[in-house]
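Structure incoming, see below.
For reference, chains read A, B, C and D in written order, and residue numbers begin at 1 within each chain.
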Amino acid sequence: MADDPAKDTGPVAPTGPGKTPASGQEAAPGKPAPPSGAAPVATPPARPAPKPAAGPPPPAVPTGPPDPPPPEGQSPPAFLAALASALPGSVTQLSYYVGDWTVIVPAAKILDIARYLRDAPEAAFDLCSDVTVTDWPPRPERFDVIYVLYSVRQRHRVRLKTKVALDQPVPSVTSIWPAANWLEREVFDMFGVMFTGHPDLRRILMPEDWQGHPQRKDYPLEGPGELLMENPIDWLKLRQSRDEADIE
Amino acid sequence: MTETRAGAVTPAVHHGAMFDTNELVLNMGPQHPSTHGVLRVVLRLDGEKVVDADVVIGYLHRGIEKLSENRNWTQIILLTDRMDYVAAATNNVGYCETVEKLLSIEVPRRARYVRTILCELQRIASHCLWLGTHAMDIGAMTVFLYAFRERELILDLFEEFCGARLTYNSMRIGGLPLDIPSGWDRKVLEFCRIMDSKILEYEELLTHNRIWLERTKGIGVIDGPEAVAIGLSGPALRGSGVPRDVRKDEPYAAYDELEFDVPIGAVGDTYDRYLVRMEEFRQSLRLIRQATEGLPEGPIVGKVPRLIKPPAGETYHAIESPKGELGYFIVSDGKSTNPYRFRVRPPSFCNLQGLPRLVRGHLVADVVALIGSLDIVLGEVDR
Amino acid sequence: MIDLFIIPLLKIAIVLNATLVGVTYMVLLERKVIAWAQSRLGPMRVGPHGILQPVADALKLMIKEDITPVRVDRWVFTAAPIISMVPALIVYAVIPFGPEVTLFGRQVTLYITDINVGLLYVVSVASVGVYGIILAGYASNSKYPLLASLRASAQLISYEVAVTLTLVSVILVAGTLSMVGIVRAQEEAGVWFAFIQPLAFGIFFIGGLAETNRAPFDLPEAEQELTGGFHTEYSGMRFALFFLAEYANVIVVSSVATTLFLGGWLRPFPSVDALAFLDIVPSWTWFLLKSFVFLYVFVWIRATLPRYRYDQLMRLGWKVLIPLAIVNLVVTGFIRLMVL
Amino acid sequence: MGEAIAFYTIAAFVLGFAVMVVSTKDTVHSVLFLVLDFLAVAALYVLLGAEFLAAIQVLVYAGGIVVLYLFVVMLVNLKGFPEENRDPHRRTKLGLGLAAAVVVELGAILAYDYARPVPQLADAAIPVVGNTEEVGWLLYTSYLIPFEIASMLLLVAMIGAIVLAKREL
């Protein structure tokens, strides 16, 4: 049922550089990306996008998760207080939602915080479960880099979150949690977030010669990506003629 | 690696082939009988000894994460089937529970029990497949067919429950699509009875088999802290003696109401990982028996809104899939009917990451044993 | 004239054809026995209970496209399957299927020839068979076959030592190298050599498994590791030759083991007169029956055991079997010296 | 008559294969011709009634030693860069020298033959049973010392090989 809107808004093309409708909000910051970004946000020539899934951009583009502060009476676990006092300025914000604690931290301090969280006995986060990214294109610091940590000894979880801009590199935590190696590679592959100090930052899931980072929100969902990115009107015409050919 | 297999052994390369200062590069996969799918491992060999390994994945990448951002919440259940396709029901459960967490829905007790039964059946099915292929990789082909014989019984049970044998799509957000068929619980118990003796049969063929011991003992030894550090989870981690099991540590479904033990290994070699999984067969049967016998009556679906549209927020929820910690990180923007971000923490992916560490210094034959002992499913690694 | 040419030629033709048919049915036997072990049915479609399956297999392999990869060493690539097949077949020249029998009023021996170095002939011909595998691996110009051929040659050379040493013990006991002579010696001794030389028998059997690349020593063609090993690049009839050679070798090892250790064509307990009624059964039947038992055990082992690893295999060969074989030989020699 | 035909045919094969061994470009082919050569020599032995020797020839040379040659040839790159040498005719000269040596040897043998008639090889003292026994008898009586020296040499070579191969031991 959610696919129904897909049919009328169809291609992502209208959100391309040519127009700036209300929904183009999402793509608008996406387009300036290639010139400034380290990795060009262009799909490879003559290679189809991963899936021809025609999905619409959300009706109104959100600028980030709410990150609600902990409710009254919900005191953060001890290690978070200890973290804030041990490394001043390391906790930008604390958030609590459906039972999960999230700490928003500055990207520059991520290594110190990671080391502290791993080594402090009351924290003891020895397992880096996951490293992932959420892309919020309208925001200047568009990527939320999220580290899902777990302590095997203490049996508790926390999420670290840091916000980075498009071409802002993040220090790699592979030296602290070797488990982050492939996870960071995947993030690099899918979002183009650079990790400094990563031993082997290559693409992992996409082919080596792939262009662009497919899980960014402004990555086209269908069609010959280059044409779509460069000249959406032509792409629309092509698509229309193809559809007509199908009907006949 | 740009070297192709055909061009690999020109006489000029021969020279490098076997002399200890030079190494032979062997491209194992993506088409290889024992890489369990389209995994490619580029081995640098000194003789038959593995000097280093590079794991190349992505041949089965279907973009499920991206795809899910453009499907509505219910449609995604079907996509999760395609990740770990030998344990589809577990994926369904993990996803549905994550969304339920976002929606703060209470799932009825009966549904949680049935989920537990399905998850554990699925664990047995997955372990059967693991046992069969692992034993096959080491050359014991009979175990493979025995294990598949029993897996067949589980698939029959699933077929009766949801009509499908591999990709079940057997969960709904808030509960189950339908109640269990009448008499199904009896058949499950009957299966448990059969399985009890079959496990003995497998163990008879392998556990004390001299060759099996020689092939698995001391292969790919990894101690607990290091296993945690390189991100192993599930039986691969428990084989190293770390008692980490999401079912115990962060109970979901009905695991907090049921009794079971978490087997752990002592040394952290391939044999320990094997023993852990063999014991998990028994623990799963124990769980299934308890859940089936104590199956509560009641509704099977909780209070789910007609249009599923979780409030804006994000959450991470992990369950214990047969391979390890299967986590879902889902972000909802509260406005659309699609998730804003859908991220899977695939256990196979994270376990496979440890392969180069495990194979270093072992022989080519051990590489296949180790791939088997990590129990990966490429559908999940590549997503 | 008849004795010199026609009868030997007839015998050769019969033995060769019987061997080839036997080999194809050995494949069927293996498939069936393994299927039963694995609670399956095995081939069922071609003929009743799949009895014509070998015919279908042979037909398929013969009409299949025979691919020669581009960068192989053509001559060697073509010669390799032949080199592995021929030794497996010519060994039958000295295998005694039975003693002399009277057929159409003519004394006919149930073996092609009986040379006085028969056993040595078997060993030396078998040692040439290894070239097929080495050359296949080399000529394929591909890495998996290369690794496999290295494994194969190391394996065959090591196990040949152990097997040959056990044969020497048998020779010491029998006092002859002739295959027929060895069976006669067992007849005279009134006991199968398997009971006199149990250790040699065991070592010979294990070594035989290893020399024929059978499970659990099937490393050169370890499908799960080396994707088929030395015959990775082969297809069609050339592949079939390797395949047949393996089974022909299995039959050779079974026949040789039967001859050396299980009294060849002799009935069970040849010295017990109470069992003399068993002599009604033709002698060659005993031979075939005993060989069949070996074949069955070969298949049974394949269905049961995992595969050894290369270094473990070499360790078993050099550190266990060869020392045991030497000890066995020395003890045998010593006893022999005492007795004489 | 038939024996003579067989002898000359086989001898032609022996020589032909020997020529192929030295003239083939591909080293592996060369080794293969060596195997064929050994097999042909074994055939000669059979013709002479020395079955034991023939079997041993096949077992040891064709089946054992040449396999090792093949190993070495397959593993070592023989298509490397041409050797640098100032004298391009170095090998030709060496070959001529060796050929001359062989001719001199043959001449010496012929001369020796003329000078002294061949002694009867089969000593009446040896209890002749079959040629296997005969070989064994000779080997452990008349030729005991060369035999033992040869086995000593092999032992030394083996230990040396193990020491070389197992450096890290």
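Annotations
Operating definition for what follows: a contact is a pair of C-beta atoms (placed from the backbone, for glycine too) under 8 Å apart; a residue touches a chain by one contact, two chains touch by 3 or more.
None of the values given here were measured: they were computed from a predicted structure.
The most distant chain from chain C is A, comparing centres defined as mean Cα coordinates.
Chain B has the Cα centre that lies closest to the mean of all protein Cα atoms in view.
Centroids built from CA atoms put chain B at 26 Å from chain A. Put simply, the C-alpha centre of chain A and that of chain D have 74 angstrom between them.
Measuring from the averaged C-alpha position of chain B to that of chain D gives a distance of 61 Å. Here the CA centre of chain C is 30 Å from the CA centre of chain D.
Residue numbers of chain D whose C-beta contacts span two or more other chains: 74. Counting partner chains per residue, chain C shows two or more touched chains at residues 146, 150.
Counting partner chains per residue, chain B shows two or more touched chains at residues 17-18. Listed in rising order, the residues of chain C touching chain D in the complex are 73, 75-76, 115-117, 120-121, 123-128, 130-131, 134-135, 138, 146, 150, 153, 157, 160, 177.
Residues 5-10, 17-18, 24, 26-27, 32-34, 48, 135-142, 145-146, 149, 205-206, 209, 211-212, 214-215, 363-368 of chain B are the ones that touch chain C when the two sit in their complex. Residue ranges of chain A in contact with chain B, taken from their complex: 1-3, 6, 50-51, 53-56, 58-60, 62, 65-66, 68, 97-100, 102, 126-130, 132, 134-135, 146, 148, 152, 155, 157, 159, 177-183, 186, 190, 203-207, 214-215, 219, 221. By the touch rule above, chain B contacts chain A in their complex via residues 57-58, 61-63, 65-67, 69-72, 75, 101-102, 104, 225, 228-231, 233, 242, 244, 249-250, 312-316, 318, 325, 327, 329, 331, 333-338, 340-341, 343, 345, 349-350, 352-353, 382-383.
Residues 26, 28-29, 32, 35, 39, 51-52, 54-56, 58-59, 62-64, 67-68, 70-71, 74, 130, 132 of chain D are the ones touching chain C in the complex.
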